[in-house]
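Listed after this line are the structures, all set down as structure tokens.
First chain A sits with chain B, and in the next complex the same chain sits with chain C.
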Partner chain A sequence: MNYFLHIFIISCIYIPPILGFNLVFGRGKLLHFGQTALGLAGAYGIWASFMLFHFPFLLSLLIGAACALCMALVLTWLSLRLDNDGLGVMSIALHLAILAVVLNSDRFTRGALGIPGIPRPLLLQSLPAYALLCAMIAVCWIIFMLIIERGKLRRNLQALAENHWHAEAIGVNRRWVYTIAFLISALGALTANVIFVPYMALLSPSDYGFPAMILNVMMVVAGGPGRVWGVVCAIFLLMGLHEGLRFLSLPAEMLGPTRLLLFGTILFIAVYFRRETLFPPERKV
Partner chain B sequence: MQLFSNGLIAGSLAALIAGGLALVYGTLGVFNLALGQMVLAGGYATWWLHQNVGLSLPISIVGGIAIGAAISWMTFEIFIRPFYKRHRFLPLVTTISLSMILDALILLLFEERPRSILASMKDMRIILGASISTEQIMLILITCLLLAFFAFILHCTAFGRKLRAVVQNDFAAMSLGIPVGTLHRLIFIGSGVLAACAGIFIGIDQNLSPLLAFPLTIKAYAAVIAGGKGNFWGAVTCAYIIAFLEQLVVGIRWFGLFYIPAGYQDTVALVFIILFLLFKPAGLFGSQTRTA
Partner chain C sequence: MTAEPLLSVSHLSLRIQDHTILKDISLEVQAGEVVGLIGPNGSGKTTLFNVLSGFLKPTKGTVCLCGEDITHLSAPLRARKGIGRVFQDFGIFRDMTLLENILVAFESLTTDERRKIGDLRSATQETLAMVQLQHFAKKKAGSLSGGQMRLLEIARTFKGNKSLLLLDEPTAGVSPKMTHQIADLIRSLRREGRTVLIIEHDLPFIAKICDRIIVLDVGEVALEGSPSEVQSSKKLKEIYFGADPTT
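On to the complex of A and B.
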């Protein structure tokens, strides 16, 4: 039972950042892979301030928010300056650069060792209590994204995704729309890291590597880019699969590669079946 | 002088990968994010043929290149061709899935520990005060030869003229009877062969490790983007610039006070490229074109 609760909690934690990523990548068709970098910046901003420098939690939260939002602004700037494919590669470069800084700044981040012993709040010591909190946050995020889906931001993002020249010609402010979308995405990443790290009791840079970034992409592609409910279902299914693979009686050194192989194949199949909707061709009159 | 020779070695390796990529981007307009894994596949195949099967080094190298070419051909047929005509960004995602599959296969077949194609100690020489091995001199020379060969093909042959025509406009080239599909395939396989050569160089000069794949890909793409996308010579030049920059960053005593730790070597180069592109998004040799 506890194992299912664990999968449920992890899936709920994934909902805010993935729905944020879905808004930018799935709806806005901005090919960026920097979602994990947003989470990484936010997580180290909060938990390094709190655990290593002993700042009050609220101040640490503000520092984390500032780090994640600054990163979002850099990604927005890149998205406005570069072509979509250039943005894709450069967002990965940004992610690698931040990861390298985290791994090499032992004094500020404890490097590859990570930051252990992060406490859970007093009222959330039990697993069901934590699951309840995560479920509430996930539901709030789903409602928030459904509201956005019905609003002007989604329409503007979609118009910019189809043809940004035409959208700007009818008064859509590209800079503003992208900034808001990336900031929402950063807020999702920050929310997840406020609850994920105390749950694991450890902030480890290995949780923010290449596989984490690929998992984000896969959840959006498999769920249907831009679809809120589809992505939520994909999160639960893929997390179930991700964790369920532990039950296979494989040696430890084979588990990682087998997971990579399986997820790579799933991603390819998902893209194959979503090839019409992932990047739809421009409409022409 | 040592910094210069290190930069030359790293730059030669990056130029080999980035040059092929620039051609692929110029003709197909797609990014292949499994490139680092294709580099490693060529290196690991050579290591396996030489160290496990026991073939001589030249035959192993030919075998490694052939396996690299076969992998890039399969990549083109399965992960690129069904997608790139629909939308040029689709291969970027399909090649991410390929990178995961290749990563998994490399880990399952060759494990995570470092592998070196040459088990023996390297023969080091001192040239103009810089310490450099025979293998590294060979790497620099062979890269120069390969780039010169590419330049000759590209600029002095009928085949090169067709290639450049396809790079400029594939529909116009098709209307002139140039077999565009075949050329796309050949260019992709050519870039795979260059990648396999780079993997073999890594295996001979250093150690092969699955962890190398992604940074290799990103650095090569940084060179392609900074050089002006699709510009072969721009990519080659920027590959050398990035390599020299990396060496300078960690090799110089800054303001006479401190050295930047070697762990930041990759980071500083990537951040520099990101900042550079923010101010000149078309790249060093690209031209900004207006579209609507």
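On to the complex of A and C.
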């Protein structure tokens, strides 16, 4: 039972950052892989300040928010200056650069060891209490994204995704729209890391590596880029699969590669069948 | 004393790498005028529109709208100042419904303009009714025919209270019946006192609806005058067909 509750909690934690990522990547069709970098910057901003420098939690939260928002602004700046292919490469480079900084700044981050012993709030010591909190946050995010889906921001993002010249010619401000979208995405990443790290009681850089980035992309692609409910379903299904593989009687050294192979196959199939909706070609007469 | 022109382009040049695309172009368009812009392929007509609507920055020269220098303003800001554009390749969003296509444009207007329009939802319905597309309101715009897409685009720009409309080949890929409808729409724009700058290859069409025609050739203004003057000009024939070797 506890194991299913664990899968439920992890799935709920994934909802804010993946829906944020879905807004930019799925709806805005901005080919960026920087969502994990947003989470990484936010998580280390909060938990290194709180655990290693013993700042008050609220101040640490502000530092984390500032780190994630700065990263979001860098990604916005890149998205305005680069085409999709350039943005994709640069966002991967940015992610790897931040990861390298985290892994090599022992004094500020404890490097590859991560930051252990992160406490849960007193009221959230039990698994059901934590599950309830995560579920409430996930529901709030789903409602928030459904409101966005019906609003001006979604229409502007969709118009810019179809043809940014046409959108700008009717007055859509690309700079403003992308900034808002990336900031929402960063807020999702920050929210997830405020609840994920105390749940695991450890901030480990290995949770923010290349496989995490691929998992983010896979959840959006499998759920249908831009579709809120589709992506939510994909999160639960893929997390179930991710954790469910542990029930197979595979040797420990086979579990990781099997998971990568399986996810790689799912990503391949999803991209193949969704190639038109992922990044449709610009339409001409 | 002549009134201040709505659009004033002065000594405009554009160089991209080693190529001069526009060469010292100066022109004025008065408020309420319908001006045709013609010229052979590659003469710089669409590039001039790209400069006027803010997508390309000129190397030299200025663009003024109602006496205000807008040369360094971005495209969205120029749209908010009152420049509307209809693209050659249909500037509508095909994955959005017709309602959303109009709504996205209305939502990008300035607060004052939105106030003038009133309730956005009913204004959106009115816009669709204007071009008899109200029954397709909730359909994806991609399902429309080329002519209907063009009507939707012009109507959207028209209802957006734009003072200057730049129409880039509005009849390209459109049936003769739709061409008449588009001509009627442009005439109604003129009756409303809107200013229109229109690129077109169909000379009889442009002669029927324009007050004045400007001919571009290799990035320069080669000829300017009333439709009858331009149509009877020997220079126009030279521009399109080359000089007559027998004369």
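By our rule, the second predicted complex is superposed on the first by the 281 of 285 C-alpha atoms of A that agree within 3 Å, B and C clash if a C-alpha of one lies under 4 Å from a C-alpha of the other, contacts with A are read in each partner's own complex, and residues count from 1 in each chain.
What we mean here is this: a residue touches a chain if its C-beta (ideal position, glycine included) is under 8 Å from a C-beta of that chain, and two chains touch if they have at least 3 such contacts.
These numbers come from a predicted model, not from an experiment.
K.L.:
Which partner reaches more residues of chain A, chain B or chain C?
P.N.:
In the superposed model, B touches more residues of chain A.
K.L.:
Once the structures are superposed on A, label A:F25 by its partner contacts, choosing first (chain B), second (chain C), both or neither.
P.N.:
The answer is neither, since A:F25 touches no partner chain.
K.L.:
Per the contact definition in the header, classify A:K152: touching chain B only (first), chain C only (second), both, or neither.
P.N.:
Only chain C is touched by A:K152; chain B is not.
K.L.:
Given the touch rule stated above, what does A:Y14 touch, chain B (first), chain C (second), both, or neither?
P.N.:
neither
K.L.:
Give one of first, second, both or neither to describe whether A:R174 is in contact with chain B, with chain C, with both, or with none.
P.N.:
A:R174 contacts chain C only, not chain B.
K.L.:
Check the residue A:F236 against both partner chains and state whether it touches chain B (first), chain C (second), both, or neither.
P.N.:
Touch partners of A:F236: none, neither chain B nor chain C.
K.L.:
Have a look at where A:W165 lands relative to chain B and chain C in the superposition and call it first, second, both or neither.
P.N.:
After superposition on chain A, A:W165 lies in contact with both partners, chain B and chain C.
K.L.:
Just to be sure I follow: which residues of chain A are touched by chain B in one complex and then by chain C in the other one?
P.N.:
Common to the two interfaces on chain A: residues 165.
K.L.:
Which residues of chain B touch chain A once you look at their complex with the stated criterion?
P.N.:
31, 79, 82-83, 86-90, 92-94, 96-101, 103-105, 107-108, 111-112, 214-215, 218, 221-222, 225, 229, 261, 263-264, 266-267, 270-271, 273-274, 277-278, 281, 291-292
K.L.:
What does chain A use to touch chain C in their complex?
P.N.:
152, 155-156, 158-159, 162-163, 165-174, 283-285
K.L.:
Using the touch definition from the top, list the residues of chain A that touch chain B in their complex.
P.N.:
31, 77-78, 81-86, 88-90, 92-94, 96-97, 100-101, 103-104, 165, 210, 214, 217, 221, 253-254, 256-261, 263-265, 267-268, 271-272, 275-276, 278-281
K.L.:
What does chain C use to touch chain A in their complex?
P.N.:
Counting only chain C, the residues touching chain A are 53-55, 74-76, 79-80, 84-85, 87-96, 100, 103-105, 107-109, 146, 156-157, 160, 172-173.
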